[in-house]
Structure formats: structure tokens, C-alpha cells
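The structures considered in this document are given below.
Two complexes follow with chain A in common, the first pairing it with chain B and the second with chain C.
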Partner chain A sequence: MKKIKLSTLVLAVAAPLAAALVSIVISSLAVLASHKSPFDAYKTMWEFGTTSSSLMQMLNTATPYYIAAVAIAITFRAGLFNIGVEGQLRLGAIFGAYLGAKFILPPVLHIIAIMVIAMTIGGLWAAIAGYLKVKRGVSEVISTIMLNSLAGGLSSYLLANYFVDRTTNSNNMSTKTLPASGQFPDLMPLLNKIGVEDQPGGGVYGMLIFAVALGIVFWFVINRTRFGFELRASGSNPIAARFSGVNSKRMTFVAMALSGAVAGLAGLPAVLGDTHAFNMGFRTGIGFSAIAVALLGRNNPTGMAFSALLFGFLEVSSRSLELIDIAPETYVIMQGSILLSSVIAYEVVRRYKITLQSKELAKAVAA
Partner chain B sequence: MKTKALKFLRYATMLVFVLTVIRQITGATDLTSVGTASAALLLSVPIVLAGLGGLFSERSGVVNIGLEGMMVMGAWAGGMIGTKHGPWIGLIAAIFFGGVGALVHAIATITFGVDHVVSGVAINIIAMGLVRYLSTLLYKSGSWLGPSQSPDVNSIPTNSLPILSGGQYFGWKSPDLLGSLAEKHWFFISDLAAILRGITGDLSYVTVIAMAMVPLSLFVLWKTAFGLRLRSAGEAPIAAESLGVNVYAMKYAGVLISGALAGLGGGFLAIVAANHYQENQVAGRGYIGLAALLFGNYRPGGILMGAGLFGFADALQLRDSASVHALILLIVVVLVGLVVRDVRKGKIVKAVLTLAFAGLSLWYFLAVDELPGQLVTMTPYIATLLIMSLASQRLRMPAADGIPYRRGGLR
Partner chain C sequence: MSVAVELRHISKRFPGVIANKDVSMSVETGTVHALVGENGAGKSTVMKILYGMQRPDSGEILVNGTAVHFKNPNDAIDASIGMVHQHFMLADNFTVLENVILGSEPRHGITIDFAAARAKVVEMAAQYGLEIDPDVLVEELGVGQRQRVEILKVLYRGARILIFDEPTAVLVPQEVDDLFNALKGLRAQGMAIIFISHKLDEVLRVADDVTVVRAGSTVAQVKSKDVTARQLAELMVGSELPQPSTHGDTRRPEVTLALKDVSIPTQSGSRDLISHVTFNLHAGEVVGIAGVEGNGQAELVEAIMGLREYTGVIEFSGSDMNHLSVAHRRDLGIGLIPEDRQRQAMMMESPLWENRILGHQRGKPVMNGFVLDKKSTIADTKAIMEEFDVRAPGPQTLAAALSGGNQQKFIVGREMSKAPLLLVASHPTRGVDVGAQGAIWEELRRAREKGMAIVLISADLEELIGMSDRLLVMLRGVMTAELDPAKTTPEQLGSAMTGAA
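Right, the complex of A and B next:
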């Protein structure tokens, strides 16, 4: 028995390790292709990436990734694929920012109200895909992608024509700034207390705390509640789920809407914690990177946290590559190769495990 | 087969007639102009190629969401190689690069058994990152003017269908019958002539080659032994294997052909539809190609029809926003048609809902004079969603599509 346990441990480490190795080789080749030393590149990235200012930015990058990845993981667990997180978070953010600046509530309540708005909008937008899937049999992969493009056009239309704050004269179109009660406090004062010094341009989004809580809630709901069980059941075996009384069509719709609601929040860390408005500079691509984060983290709350941090680290630290004349875009190669090699490595290990188990079983039966 | 073609012709003529009536009412003359038809064809080609790419892959049992990424690779390679070595070599490079993307997808899904959608999405993310990285390198080395755009590619010559649409053949100038008919402004007849002139005149040779892929795919997949084997890998791989078909090889072939076609589609966008590569040039066309595949129920002819509709919507959007406004009236007409059908079937609640939606659309059509630009650009995506939701219920996908296959039934 002890031998099996050792091999499981080895196997658990083997996949990420192999993936990391392969991706380091590929990234090194990419750097070599521009006639530079990969070793210098990694050294520069590490030195720059581990300064406290970079680490703060890493957390700020990782927070929206993590929230969006949780949204995607919800659908993965239900056997669906919500590629529309990008659009859902964009609409959630613009409506949250615009409507949130229209009223004033006590501090905590105001933030909660904005979050509810963003969740509602994101959820409704994703529900379109859920409805089309359940009622019309339209693949959610295609409908959510189309909805992404629609959300992009719709948000710029709304911003330019209705939501823009005309009282300020700026080239950067923006919604009205949120009142102080609607701004999520920064974590910097807390960090000061534990001895972290202020950094120029520093600050850590308060929504980081929220993201951590979201991860815990996600774990609990998926693994410890009846709803989570039904969600997973309808995902892994819809026919069996139906026979045990799970309405898998309903679960499909609910999973899409819920995923969209969570996705609606992913645009808020920057809106509530930094810009305090939705403007033209709103970051694009969060929803797509989050797909990679969710895949890399195996839809597991802890795994996704690590992969979100890794992606954040790579993005922030690669900015330093400009200093030694390497394209900072190298990080995209790193992220991509990590993603693909880990997806393959997980599959290989999973299959090897099954072979190993069946061998053990055969031995046990023979003995 | 013959009745099918007749049915198609009847529907197409009906559509042109409805468009003519709408043009007459709204005055949106671009709805049935030569230019619109020609642009619609040009914009359909990449989608047809992507859709056919999806067809080969999915008929062999591999879902290919990675089409988008393969098109991106193709477009980039077309721009990169095309500027240096001319458009034809550029197109070959595009095919090759699309194939490289497909090879990665094939290795991941067929050899290693990774979930098809997961691998496809990974390839899309990687392809976009890779071309951005490589473009930056080219920009830094000074051969590109910007990190998101390649220099111009020489264009590929065009020609027209002889006798009907003009053109030059060995120094002989052909008459342009359809063209002159289109300028007569006869109700319906001129409209029909204009549309035919648009899709048969001033064609790039690549367009002709790409469109020839439609009957060619039909022939290869349904009339050859290779096609039968490839389809058997997507329908019943275990049975196929037991009859001596090399299922892995068939799947590899399907995915590689898929990537080559998607790469050509990307190269077409860069070299023929535009004259350079530009970042975000593909803009979801790989996915729209997949939508056309589903709309066309995994058949080449259906893909052509689906792609034609998307191409038409895209062409109107690019050329003239007044026509997109007129298109709302078309939606009203279609909705009213649906109401009549529902009433006949006795589905009153549904009919009332649809009627309400039709009324809303009509009100919007009358209330707004011109659609704002940001909304006009959304036309092809809305069209995709609408067409998918109206059509995708009678789907018959390959039985083993998307299921990782292991030789000997191992998992």
C-alpha cells in the first residue's frame, strides 16, 4: 500500500514539473530567437518581479483573473464552457460604474449595491447564452463568443452616447467618478501596519480579500452542497443525473447565469479600487487570460489562485525585459507554453494513473 | 440532388425579391447593388474556408475551436511572407502556418487525448500571443512599420466570368451582359442581375480557388474511399478500426486539412480582402466559420449558405449603415413569417411573443433614421446569433464528434 501512495505523490508533482520544464525550454527558444540570453531574461524578470512594488502589481493583476477564472470554472464543472466572460465583465463593470455613481448609500452598502448591479448585468448577459443553449440548442461556445463581440460594441456605444460624464472635458471618455462611499478601500493602510512600506504607484486592490472569499465560497458550494453536487452531476453525466432527479437543462441555465454573475464582478477590482469610473482604458483580455488560468488551475480554487498569481507575476515582471532589449511580449509565449504543456501533461499523467491502477488491480485479483 | 438545387434556387430568388421590395420601400439602394454582392462574396470566402476546415476536422471526430487561432497564424504568415515573396508564396505560407497550428491541435487531442475544446481554446490563446510576439520582433528589427501591421502585399489579379460579366481573355474583351442589365433599373430583374454580376465579376483568382473547395470537399468526403474512412472515424471509430481503417491517421488528416483551409482563410483576409496583415484582422471569423458549419448541418452546401448570409451582413455593415437600418425591416418580415407559421401550428403564446418582438423591431425601424456606428459593426455577430438560434435545432453532428478516441478502447 505504501508504494502506491509514493507513486501518487510523484505523479501529482510530475505533471506540473514536466509542464514547467517544457515551457521553460520553449520560452528560452523564443528568447534565443531574438539573439538574447534566456538566462539574463529570467534573472532580470526575477529581480524586477520580486520587488514589493511589482508584487503589489502582481496581486492587482491576479485579482480580476482569479474572479473571472472562478466564473469559468463554474461552467466547466457543469460540463459547459463560458468563453463569454470578457463581455460579461465588461458590461458588469460599465453598468456598475455608471449606475453606482447615480446614488449615494452608506459605505459598505454602496459597494454591495454596485456589486449586485454588476452581477445582475453579467448574469443576464450570460443567461442569453444559457437560454439559447437550453431552448434552441445553440452551442454556448459560439453564442458566448458572439456575445463578447456584442458586449464590446454595446459598451463603447453606451459609453460614448449615454454613460459618458460630460461635465469633465477629457479625451479619455469616462463615466462619472464614484462617490467615496462606492470606492473599495485600498489594502495599503493594512499592509503598512504589518511593516510594508508605501511604493510609488503602489497599492493593493481591496477586492483581493473578496477574491479570496469567493474562492472559499466556490469550493464550499461546489463540493459541500446539494446544489454543487447537482451541478457536477449534470456536467459529468447528464443522463445519470436526470435519472437521479436532476433537471440538467435547468442546471445548464443556472450554471451559465451564475457564471455570468460572478464574471460581472471581475471588472470591478480596477473600477472600485483604482479608476473609480469606467473609461476607455478599461483593460481588455482579462476574460481570455482567465480561461487559461482556469485550465491551468484545473478548476480548483487553490490551483486557480496559484495560476492567477503566476500569470500576474509573468505579466508584471516581463515589463523589465524592455531594459535588456527583449520584447516584453515574451510573457505571452511563456503563458501559452505553460498552458498547453500542462494541459497535455495532466492528461498523460491521468492516463498513466489509470493504467497503474488497473495493473495493481490485476495483481490483487491474481494474488 | 436536383430537387435540392431547385429548392435552393427558389429560396435564393425569394430572398432577392424580398430584398428588392425592401430596397424599394426604404430607398437603401446598396441592399442589392453590385458592390454589396461583390463585397459579400469577398467576406464570405474566409468564412467558407473556416467552415470547410471545421467540416474536415469534425467529420473525422475532432472538434476544432482552434480554427480561429489557425486563421490568425495564416493571416500573419500571409502578411509576413507575402510582403517579401509575393502574394502566392504568402498564401502557401498561410496554408503551412495554419497546418502547423493544426498539428499542435492534432498532437494534443489525438495522440494525448486532451479535451478538444480545451486544446482548441489553448491554441487560440497561444496563436494570438505568438503572432503578437513575432510581430514585435519584426517591428524591432525594422522590417515592419508598426508592431501590429505588416507592409503591403502585392495584389493578386482579378478576372470576370466571360460573356456574362465582362473581363479580359487573351486580349479579347468580353461583353458585360449582367452589368448592363443591372444599370437598367428594372424592378427585381436589375436587382437580380446586379447580385449575379457582383458574385461573378472582378473575382480574385484566389476567390475562385476557394469557392472550388466547396464542391471539392463534397467530392472528397462523400465520393472517395478516403472520405468514407475519414467520416467513419468521426461516426464510429471502433467499428472503423475493426475494419482496418487507421483511425488516428484519418483524424490527423482531418485536422491537418482543417488547419490548411483555415490558414488559407486567414491568408485570404490578409492578402486578398486587405493588402496587409493587421492585428485582430481575423476578429472571430474562425468562430463564425464554426457557426456556419453548424448552420449548414455539417454539409458543404450548408456551409456555403451560412457563410453567404454572414458575408452579406458583414458587407452591408462595412459599406453602408443605411442598409443595415433597412435590414431591420427584413427581420420584421421574417418574424411576421414566423408568426404566421406559429398561428397555423396553434402556438398562440409563442406567436404573440414573436409578434410583440416584430412590433418592437418595426417601431425601432421607424423611430431611428440611422443606426449609430458602434451598433452597425455588431451586425455580423447579431446575424450569427439570430441565424444560429433559428436554425440549429435539426442538427445531426457526427456521432463520435468531440469524444477522445483511444485505440483498443482504452481510456
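Right, the complex of A and C next:
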């Protein structure tokens, strides 16, 4: 018994380690191709990336990645693929910011109300894809990609024509600033207490705490509840799930809507914690990077936390590459190679695990 | 006579599957050579090695006295070895002729020379006694005729050594007779035929020589005229065969399941998948549904379970359950052993304890309200594994790591564990070894005595006759006959199944 556990542990570490190695080799080749030393590049990234200011930015980058990755993982676990997180979080954020500035509630309630709005909007938007899949057999991959385009156009249109705050005269179109009760407190005061010094332009989104809680809830619901079991069963064998009494159509619809609801929250860390409004500078691409975060983290709450942090670190620290004349986009190559090599490594390990178990079994049967 | 194929001390290791070790056999030209053994004994591995699908770790293969090393089936085909697969690989919307030449079409420039192909196929068919209309679409053919097309395909590619993988598994007795006549014709033409089967009566009817495989090794090669079925069975299992049978009448007055005029219309409006099916099933009764595969049995099961829309009424314990979902029907106490265990009853990459939950996720012992009770599930999984002799290290083992027979035992154990009032069992002993088969029958017998009603669907006619209190014959979706199993032989049942009687 002990032997099995040891090999399981080794296997769990082997995959990411092998993947990291391969991706370092690939990234190094990319740097070499631009006639620079990969060693210098990594050294610069490490030195820049490990400053307090960079680490804070890393956390702020990772928080929305993580929330969006959880949203994607919900659908992956159900055997679906929600590529529409980008659009869902965008609409969630703009409606949350716009409507949230229209009323005043006590501090905590106000934030909760904005979150509920964002979840509702994101959920409804994703539910369109769920509905089309269940009723018309439209692939959710296709419909969510299309819904992304719609969401992008719709949010710009709404912002420019209806949601823009005309009382301020700024070039950056923006919704009205949220009242203080709708602003998520920053973690900086807490960090100050444990001896972290203020950084220029620094601050850590309060929603980091929320993201951690979300990860725990996600783990519990998926692994320890009937709903989670039925969702995973639908994902791993939809036919067997149906034979077991899972209403597969309802499960598809619910998984899409739930994923969209969580996705709706992924734009809020910046809106509630930093800009306090939705403006034209709203970050794009979170929903797409989060697909990679979910894949790398294997839809596992802990794994996704690590991969969100890793992506955050690479993104922030790679900005320093410009200092030594390397295109900062090199980090895209790093991201890509990490993702590709880890997906391959996991698959190899997965197959090896089945083989290993079969061998154990053969031994057990022979004995 | 000369030796067409010889295997010398072939060994092959595989994770999970019993490896072949020291397999030797020699097949002479102009003979039918049966390879027999229980499911999982290693017959398929021998066959795959001979057909180039697997490479042996050690040992030699000789074809017509020359050592060969096959890298893939194409090498085997070049060495004039052909295989007639158990599951046909035919294109339904092609004609017989097109199917036969598919992949090795005679060319005429860039077009296919259909005239030459037709001449060759017609000539071959006549020569080997495999007459068939070359221009009919395969989708219009019955199972036996499709098999004929498969055989022609193999012969067309020049095979002189033919491997038949469980060819009778899909056939009814009359079609088996036709096949055996064809085999005799091929033998007379100097072909060497390797006939893989675990049905001993058939083997003794058609084979000249028999090689017995047990636990991955060949344990004997005998002349079929020198042995009895019992001796072969003993060689195969090393013990006595269990018999499917039930004792006495345990039927109770209450009706557990009642179907009233149940039909499943097709969307295209052609003939119903099942049509006006009506029968009552009492508590403590086993009703066997006999029929050639694809005559509506699978659809009947799906209707009973609520997996498919139907017209008419299905009652459970006296109340209409037409509007109940699959989950509700299971909650009422209906267990299901589906026909395709890996597709319909398991999550292959999940551990056994999670597979224990599948289909039972709505209550004890696996759920505590809406929250999963992992500890109790694991304990219960262990109990099932012990009671049903599921051979695996423990509840954490992945389902994929188990052999088919052990997967089946686990599913039977899972469905029986909640003591259902009704069990819908499709091929409950398919693919399990003789010992496990006996254990599953015993379990069904005990449950029947306690009042469980069973709908039994099986391709094994002896199992159907032995276990059922009543037999219903299904042909093209219609219940065409009701038979008393005590007065029915497998041959009679087979006739009824094809509509010949």
C-alpha cells in the first residue's frame, strides 16, 4: 500500500517538473533566436519579478485569472468548454459598475449586491449558449466565441451611449464612480501590519480573499456534493451519467449558467478594488489566459492557484525584458510552451498511471 | 498435409491482462483448427499476435515453414493471413461488391475497374459456396450475410489462412449452420481455418483439431474426434461448469412491472423500434427476452428505465411511471445492468469507489443528504468487492485497470447492493469467467426467491432458458411468441428468434 502512495507522489511531481524543464528549453531557444542570452533574461525577470511591487502586481494579475479559471473549470469538469468567459466577465463588470453606482447600501451589502448583479448578467449571457446547446444542439464552443464578439461590441456601445458618466470631462469614457460602500477594501492596510511597506502604485485587491474562498467552495461542491458528482459524471461519461439518472440536458444548461455566473465576477477585482468604475482601460484577454490557467492547473483548485500565480509572475516580470532589449512578448512563448508541455506531460502520466495500476492489479490477482 | 501456421513458444506480457506465456500451436492446411478458452484466457492475444496487431516478446511464428515477423496486419495479409472480425467492419451504404473491393480496388487508369472486380467476386463466391448478390446494399443484409461479405473481403485479398474471431457470437443457430457449411467448403479448397470460440458444442461440430488456452498458456492440442465437450470444458477451466437454472416457482401474486401497449415510434415514421409490447412481470419472476441483437431489446430497456420516449403505459408496482425521470425510476427500486458496461455503466478513469456512486447518487450509503459520504462509500465498495469477488487492489483502483469480467462483477454487485424490486439485466454474465458466471446466477436466484422481479436479456440462449420463468421472443420490435423455457430447446428458441418457426 505504502509503495503505491510513494509512486503516486513521484508521478504527481514528475509531470510538472518535466513540463517546466521542456518549457525552459523552448523559451531559451526563443531568446537565443533573438541573439540574447537566456540566462540574462531569466536573471532579469527574477530580479524584477521578486520585488515587493512586482509581487503585488502578480497577485493582482492572478486574482481575476483564478476566478475566471474556476469558471472555465466548472465547464471542463462537466465535459463542456466555455470559451465565452471573456465576454461574460466584461458584461458582468460593466453592468455591476453601472448599476452599482446607482444605489447606496451599507458597505458589505453593497459589494454583495454588485457581485449578484455581475453574476446574474454573466450567468444569463452564458445561459444563452447553454440554451442553444440543449435545445438546438449548437456547440457551446462556437456559440460562446460568437457571444464574446457580441459582448465586446455591446459593452462598448452601452458605455459610449448609455452608461458613460457625462458629469466628468475625461477622455477616458467611464461609468460613474462607485460610492465608497461599493468599493472593495484594499489589503494594503493589513499588509502594513505584518511589515510590508507601501509601494508606489501598489496595493493588493481585496478580492484576493474572495478568490481563495471561491476555490474552497469550488473544491467542496465539485468533490463532495451530489451536484458535483453528477456534474463530473456528465463530464467523464455522459452516457453512463444519463443511464444513472442524471438529467444531462439540465446539467449542461446549469453548468454553463453557473460557469457564466462565476465568470461574471472575474472583472470585479479591478472594478471594485482599483478603478471603482468600468472604463475603456478595462483589461482584455483575462478570459482567454484563464483557459490556459485552468488547463495548466488541471481544473484542480490548488493547481489553478499555482498556475494563476505563475502566469501572473511571468506577465509582470517579463516587462523587465525590455530593459535588456528583449521583446517582452517572449512571455507569451513561455506561457504557450509551459501549457503545451504540461498538457502532454499530464497525458503521459495519466496513461502511465493506468498501466501501473494494471500491473499492481495483475500482481494482486496472481497472488 | 503440410503445416500452414505454427506458433512456437510465444510469450507476450501486458499490464492488466493475463500475458501469453509459452503458447504453441500448429495448424495444418485443409483443416479447421479451433482455439478455445474462457473469456480472458488469452485467445485474443494469440490471435492479435498472429494477425500482426501485437508483437510477441519472444517465440516464433512460422507461415508455411518460414519464420515471419509481422509489424502490422498488412504484413500478415501479405503472408496470406486474413481475419474475419467479430464486429463487422462494413460500410452500410455501399454494395456488397464495393465493400469487398474497398481498399484494394482493381484500377483501370484512375477509375475502378468494376467489371473485373465483379467477375472476380462472383467467381470466388461460387467457388467457395458463398453465394450473395454483389449489387445489394449491405444495410439490407442480415447478420449472417454480412459475415459472408466479411469472408469474401478476406478471400479477395488472397488469404489462405483465415482467422475467425468468435464468428457465431452474433448468429442464430440456422445462420451458424450456414457458416459451418461455408467453413467446410473453404477447408475442402485447402484453406487453413483458425476458429476462435468458447462454445464447445460448436467447436466439436466443425473443428478437426482443438487447441485449449488456459490462463494465457496453451494447455493441450487434441483431435476433436478424441474428446468430449466435458473433457474440453475441464481442460478450459479445470473444474466443473456451473449450470444456469432456477428451482421451483417463486412467483408472487403482485405485479412488479406492467407494460401496456408500449411502442417507440421512429422519427422518420418508418417501422416502430418496438411495437405494442404488452406483458406483466410478477415479483419473484424472471422474464427472459429472447431475440437477435438489434430487434428492439435495447430500446425496451431504455423505455423501462425512462431513457427514451414511448407511447403506451409502463406501470411499476401498480402505479403509472410514464412521467417519471430515470432518477425517480431508480429511486423506486429499479436496478440496471446495461448491455455495454464501459459506455453505459462506468467512469473508466475514476476509482471504483466513485463508480460505486454512479446510479445511486441520490441516497444512502453514498450520500448524506446532498453531501457525499466518502468514508461510507469506500466501506461499501470494499464490501461489494469482497462479496462479488472483484479482483482489484482496493476501492481506489481505477475502473479502467480492471478486466472486463471484474468490471461486470462490480456492476452486478453495485446494482444488487440496494436490493432492487426490479432488476433490468442485459447480458449480466457477458465476458465473465465461468466461476463468476456461476456466482452471478446464484445471486440472481437468491434475489428472485426474495421476490425480486427480473427482466433478463441475453444472447446466451442457455442462460435465457435456464434462468427464465417465461420467455418472450422479440422480432423486429414485436413480441412474436411466448415460450415455456422448460419445454424449449436452444434450437427451437433460435428458430423463434429468426421468425423461422
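Definition applied: the second predicted complex is superposed on the first by the 358 of 367 C-alpha atoms of A that agree within 3 Å, B and C clash if a C-alpha of one lies under 4 Å from a C-alpha of the other, contacts with A are read in each partner's own complex, and residues count from 1 in each chain.
Going forward, a contact is a pair of C-beta atoms (placed from the backbone, for glycine too) under 8 Å apart; a residue touches a chain by one contact, two chains touch by 3 or more.
Given the structure is predicted, the values throughout are model-derived calculations rather than measurements.
After alignment on the shared chain A, the placement of chain B and chain C results in a side-by-side fit free of clashes. After the superposition on chain A, the angle chain B-chain A-chain C between C-alpha centres rounds to 70°, nearest 10.
Once chain A of one complex is fitted onto chain A of the other, the partner contacts of A:348 are limited to chain B, with no touch recorded for chain C.
With both structures placed on the common chain, the touch criterion links A:236 to chain C but leaves chain B unconnected. Within the superposed three-chain model, A:124 lies out of touch with both chain B and chain C [touch as defined at top].
Contacts of A:156 after superposition: chain B is touched, whereas chain C is not reached. Contact with neither chain B nor chain C is seen for A:24 once the two complexes are overlaid on the shared chain. Once the two complexes are overlaid on the shared chain, A:143 sits against chain B while remaining clear of chain C. Legend: residue contacts after superposition of the two complexes on their common chain; A:247 is shown touching chain C, with no touch to chain B. Once the two complexes are laid over each other on the shared chain, residue contacts for A:357 go to chain C alone; chain B is not touched. The partner of chain A that touches more of its residues, comparing chain B with chain C, is B. Residue contacts after overlaying the shared chain place A:226 against chain C, while chain B stays out of touching range. Here's the short version: in the overlay, chain B gets within 5 Å of chain C at its closest Cα pair.
Taken together, the two structures place residues 354 of chain A in contact with chain B in one case and with chain C in the other. Contact residues on chain A toward chain B in their complex (touch as defined above): 30, 33-34, 81, 83, 132, 136-139, 141-143, 145-147, 149-150, 153-154, 156-157, 160-161, 288-289, 291-292, 295, 327, 329-330, 332-333, 335-337, 339-340, 343-344, 347-348, 351, 354. Across the complex, chain B meets chain A through its residues 65, 104, 108, 112-114, 117-119, 121-123, 125-126, 128-130, 132-133, 136-137, 140, 283-284, 287, 290-291, 294, 372, 374-375, 377-378, 381-382, 384-385, 388-390, 392-393, 395, 410-411.
On the chain C side of its complex with chain A, the touching residues are 15-18, 305, 307, 325-331, 336, 338, 343-350, 354, 357-362, 367, 370-372, 374, 391-393, 397-398, 400-402. Those residues of chain A that touch chain C in the complex are listed here as 4, 223-230, 232-233, 236-237, 239-247, 350, 353-362, 364-365.
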